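Some structures to go through are shown next.
Two complexes come next, and they have one chain in common, chain A, joined by chain B in the first and chain C in the second.
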Partner chain A sequence: MAGTFATKRLGKELAKIHESLPPGIELVSADNFEEWFLDIRVLDSNPLYLNQIYRLKFKFSAQYPIEPPEVVFVKLADRPIPIHPHIYSNGIICLDLLGQQGWSPVQNVQSICMSLQSMLTGNSKNERPAGDEDFVRGNRLRPKDINFYYHDNDV
Partner chain B sequence: MTDAAKRFREEGNRRFQKGDYNMAESLYSQAIIADPKNHVLYTNRAMARLKTNQWENVVADCRTCLGLDPDNMKARYYLSQAQYALQDYDDALKHALEGHALCVKNGDKSMQNLTDQVLKCKKARWDQREKKRKREASDLEREVIRLLEQERDTELAEYTDEGTRKEISDEWEQKIGSMRAVFDKANPQKEPPRPDPPAWAIDDISFNFMVDPVITKTGKSYERSSIESYLRRVPLDPLTREPLFITDLRPNIDLKKACEDYLEENGWAVDY
Partner chain C sequence: MPPPNTPEEGLITRTAESLALTSISAPPATASSPPSAPRTRATSPDPNNRTTCPSRDSSDLLEIDYQILEYIDSVDETLLCPVCRTPFYSPITTTCGHTFCAGCINRALEVQPTCPIDRQPINKTRDYHRPPLIVKDQLDRLKVKCPNRGCEHICSREHLNAHYERRCEYTLVRCPDPWCNKRIARRHVSPASACMHREVSCRYCEQSVPLVDLNTHYDYICTGATTKCSDCDATVVLHRLEKHRLDDCPETIIRCKWHIAGCKVDDKRRTVLEHEDGCPYEIIGQLVKERAEDRKTIENLTDRLLALETERNETNERRARRREQLTQRSTPSSTSIYNPPRDRMTQDELLALEDPLLAPHFVHNNHHNNPDDLTPTGEASSSHPSRSSTWVSPEDYMLARFERLEARMEDLSKQFLETDAHQSMNLLQQTMALNQQLVELGSKVGVLSMHTNWLMNMQRHKHFQQRAGAVAAAAAAAGFSSSVASASMNPPYPTSMPPQPPIPSSATDNDNNIVVNVGGSFGNGTRVVPSPVGVVDNLPPRYPNGRSSRRNSEGREMPPRL
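After this line comes the complex of A and B, so read on.
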C-alpha cells in the first residue's frame, strides 16, 4: 500500500500525464497509486522495433520517489518484449537508473519512459543479455534487488 | 522511571498497539500517578488521547510534558495536531514549526510528518482568513447598500409628483447598481482559476510546496525532509550523481522567505 508521500507525488505526476505526454508514450491505466501501465514505442525507423508497441508495468512502493519504482515490460498477445542486450525475455530491464544506486528521486514516470525509448532507439544488436535462459528460469528476486553488472552502459 | 510506572506504561503500550486507546490512556494515567515527573508518560498519554479525539486533554498533557522537557519534539507535534483540531491554527502552526526545528537539530526522522503538518496548518490558517475576509466584505456590502437605500428614501419623501420621483428613483437605482458592481469585482462570486504555483517554490522530489528549502553544492534547492531521506539511502546528488552528504546541505534562507511570503498570500497553493 503506497503511503501518503508516494500518493501525493504520484497524484501530481498523473495530473501532468493527463495533460500531455511526449510522442510515443501513452498511459494505459493508473487505477491506483501502486501499479500503472504505459505503452511506449520508438520514434525512429530502427528495424528492430519498427511498428511495435511495448507495454510497461510500474510498481510503486510507499517510499517512492525516495526508492525507485519497479519497471518491467509485460508480454501480451500484441505487446512483445523488445529485443535488447539489457532486456531479459521475461521483461526484466537492466538499466542503472532503475537500480537502488542509480535511481534519482528527480526522475519520474515520464522520464523513465523516455529513457527506455532512447535505450531502444540507440540499440542495433538483435540479442538478449548473456545467460538470458538461465536467468529467466532461475530468478526469484524482485527486479530492483538484482545486482546487475552494468558492463557496457553504452549499449 | 519507577517500577510501578514502568509496568503500567508497558501494559499501556501493549493496549495501544492493539488499538485499545481508552484502556491505554487509563494505564498511562496510572503510570503518571506512580511517577508524575516523567515526561515520556505525558506524550504517551497525549498520543492515546489524540486517537480518541480528546483535544483539550492532549493540549494539557503536552503542556505538562514541555514543562518537564522543554525540547520535546513529540509534545510539540501532538500539541499542534490537537490545536489544529480545535481550529487554533496560529498556535498549531507555531508548534509545528518548533517541532520541525527540533527535527532539524536532532536529525529526527519525523521531519517528514512535521513538514506536512506545517503545510497543513498554513493552508487551514489561510482558509480561515479567506472565509473571514469574504464574510466581512459581504457584511460591508449589505451595510453600504442599506445606507444608499435610506438616502434614496429620504430624498423621495420630499417629492410627490410621479415624474420627479421616477427620476430620483432611477438615479439611485443606477448608483446602487454601480456600487454592487464594485463589490462584485472585488469579491467575485466565482473563484478565478488559480495559476500553478511558481516552480521555484516546488520541491522536485515530493512535488510539494517547500517549507524548509536547502541548497546543494550545485546550487539546486530541495525540501529538507525529502533530500535528507534520499541521501540517507544513497549519498549522491540527484542531478549530478556526485557524492553528497546531509552535512553538505545548507539552508536557502532567501528562498525560504520567498516561499513563506507566497503562501501567506496564496494558501491554496498547498493543495495545487
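After this line comes the complex of A and C, so read on.
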C-alpha cells in the first residue's frame, strides 16, 4: 500500500481528474492509490498515430511524488503500443521526465500524460529504439531500475 | 461502519507519519498496532506498554495533519504547495522564489537537491527564507473543518490548533488510567479517571469489548443471540428486536400516521406505508397539526400577556406607593425642597441605578459619607434611615431624584428672573444719565453753529456793502482810461480768489474778541470785531447768497464759549 503522503497527494489529483481533464486524456480506472490506467490519444493528424488510442499504466510508489511513478504503455486488443524511437515494443518508455533525474515532485499524472502526448505528436520517425528486440527479450528489470541514457533531445 | 472515536484510527496513524516527517526516531507505541486490524485489541496488553507511564502534558495530543484538513471554500491555486497540492503548511520560500511546505521541500531535497520547479540547486535550510507575511495571512484566514471525527466545528486555520487542543470534545487524549496507553475522546473521559478501555464482555455475544465502544457494539456490531422476528421471520439480534418491531418490521401491525385525523386504517407496516401515501385523511391531518401548532402559539402568547399584565400592575402599585410617600414627605418642607447643587452623579449612584439590589445599601452608605447629598437640606437627617429603607426599587429612587431635580429647577429659574430684573434696572439707570448728557451736548453744538452762522453772515453783509460802494465809485470815474486800466487789474471778488493775506500772528486777542481778517482787494489789515456774546438774538435771519468766505470759516479758531 502506498504511503499516506502519496495517498493524500493522489487523492487530490484524482479529485481534480474527475473534475476535468485536458482533451485526449481519459481516466480508465483508479480503484486504488497504487495503480491507475489512463487512455491518451494524439490530437493532431500525425499519420503515425491517427485514430489510435493508447493505454497507459501508472504505478505509484509510497514515495510519490518525491519519486516518479512507473509509467508504461499497455498492449491490449484495441490498444497498441505506439511506434516511437523512445518507446520499446513492450511498452517501456524512455523519457527523462520519468527517470530519477528528470523527475520533479511538481509533476503529476496529468502533466505526464500531456508530456507523452506531445512526445508522440512531435515524432515523425516510424521506428522502434535501436536494439528493441534484444531489450524486449532480455529485460527483466522494472522500468525504474533501467539505466536509460537520455541522448536524444530532438523528440 | 467503524465506530466513531476509535483511538487506533485516524489521527494515530497520521501521527506516525508526521512524526516520521519530523524525523523523530522513536515511533509512538501505538503505531505498532497493525493498521489492518485497527479495532481488534490484543487480548492481553503488551507488557512493554504497561511499564511505560506516559507523561500527561498537552503535548500528548496527536498533531493535526494539515494535509488532510477539509477546507470549506475552494483555495486559490497559488496557495497550494506544488508538491503535496494542499494549502501550504509552515511554508518556506527558496532563494529562487518558490514556496513549498517545509516538510515537502525537505523530502524532495533528500532525493534531489534542486528546486522542484526550476531545478536550481538548493541548500537545505540555508536557502530557506520566510515567505511574505501576506502568504501567512491568507493561509491563516482559510476556513477549515475540525479534523476530529464527529466534530463539525468550522474556524479559520489559525484558530484550529487552539480549538483542537483545548476545546474540541472529540480530541483524542490519553486515557486517564496511567497504565493504559490508549487514547480516548475528551468527552468520553470518565470523571472517575477510570480507564474506559478496559474490556467488558458483551451481554449478548460474550465478546469482550472496550467499555468506550460498548454502545456502538450493541447497536451496530453485536450479532450474538439472534432470534427470529415472530412477525416477519427475519433474523434479528435479540436485544434489537424491540427496535426492529417499532421501526422496521414490515409485518408488525401499526396504525396509519393520520389516525389523529380520523383514519381508521391499521394494518401491517407494509400495507400501511403504501396506504399512507394517498391517505384521504392526510389533508385533515395537516390541518389538525397546524391547528395544534396554532393553539400552542396562542397559549404561549396568552401566558406572556398575563405575565406582562401582572408586571404592569405591580409597577403601578409601586409607583402609587412611592407618590404617596413623596407627597407625605414634601408637604412639611415644601419650601425647602432644594438640593444643593451637585456636579454629577457619583459612580456609586450610577451603579445603584443599574442594580436595584444595591440601591438601598448605597443610599445608606451615601448618607454617611455625604449627608447633604441626595437629601433635601430642610429635612432632618434623622429621617434618612427611614428613607433609605423605602427605596426598594430603582424606579422609586429615580422618581425621588426626579422630583428633587424639578424643585431645584424651579428655584434656579426664579433666581434667574431676579437677576434679570436687576440687570435691566442697572442698565436703565446708566443709559438715562448718558442720554441726558447727549442731549446737552447736542444743544450746545446747535448754539455754536448759530453763532458761527451769525458771524459769517455779518461779515458777508459788510462785504456786500463795501463792494456796492466800490462799484459806484468806479462807475463815476468811467471817463478816464487810466482808471479803466486799474479796474481791469482788480477784478471784482467773486470771479477770482484774491491772494491770501498773511495770517496775523495773534489771531485771538486777550479780550476774547475775534480777530477777523477781512481781506480782499478792499480790506486793509485786520479789524477787531466785537465778540458775538449775547447777539444771538440780533442774528440776521438770512443771507441772500449762501457763498461764505472761506478764509473766515477755515483759519480761525472759534472761542470755546458756550
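The criterion applied here is as follows: the second predicted complex is superposed on the first by the 155 of 155 C-alpha atoms of A that agree within 3 Å, B and C clash if a C-alpha of one lies under 4 Å from a C-alpha of the other, contacts with A are read in each partner's own complex, and residues count from 1 in each chain.
In this section, a contact is a pair of C-beta atoms (placed from the backbone, for glycine too) under 8 Å apart; a residue touches a chain by one contact, two chains touch by 3 or more.
None of these values were measured; they are calculated from a predicted model.
Participant: Does chain B (first) or chain C (second) touch A:Ser29, or do both, or does neither?
Facilitator: neither
Participant: Go through the superposed model and pick first if A:Ser124 touches only chain B, second if only chain C, both, or neither.
Facilitator: Neither partner.
Participant: Who does A:Ser45 touch here: chain B (first), chain C (second), both, or neither?
Facilitator: Touch status of A:Ser45: no partner.
Participant: Please work out whether A:Lys12 is in contact with chain B alone, chain C alone, both, or neither, and reply first, second, both or neither.
Facilitator: Both partners, chain B and chain C.
Participant: So, does A:Pro65 touch the first partner chain B, the second partner chain C, both, or neither?
Facilitator: The answer is both, since A:Pro65 touches chain B and chain C.
Participant: Just which bits of chain A does chain B share with chain C as contact spots?
Facilitator: Chain A residues touching both partners: 4-5, 8-9, 12-13, 65-67, 100-101, 103-106.
Participant: Sort out for me which residues of chain B touch chain A in the complex.
Facilitator: By the definition above, chain B touches chain A via 112, 116, 204-208, 226, 229-230, 233-234, 236, 238-239, 241.
Participant: For chain A, which residues are in contact with chain B within the complex?
Facilitator: Touching chain B from chain A are residues 4-5, 8-9, 12-13, 65-67, 100-101, 103-106.
Participant: Can you tell me which positions in chain C touch chain A when the two form their complex?
Facilitator: Residues 13-14, 17, 67-68, 82-86, 104, 107-108, 110-112, 116-117, 119.
Participant: In their shared complex, at which residues does chain A touch chain C?
Facilitator: Listed in rising order, the residues are 3-5, 8-9, 12-13, 63, 65-67, 100-101, 103-106, 108.
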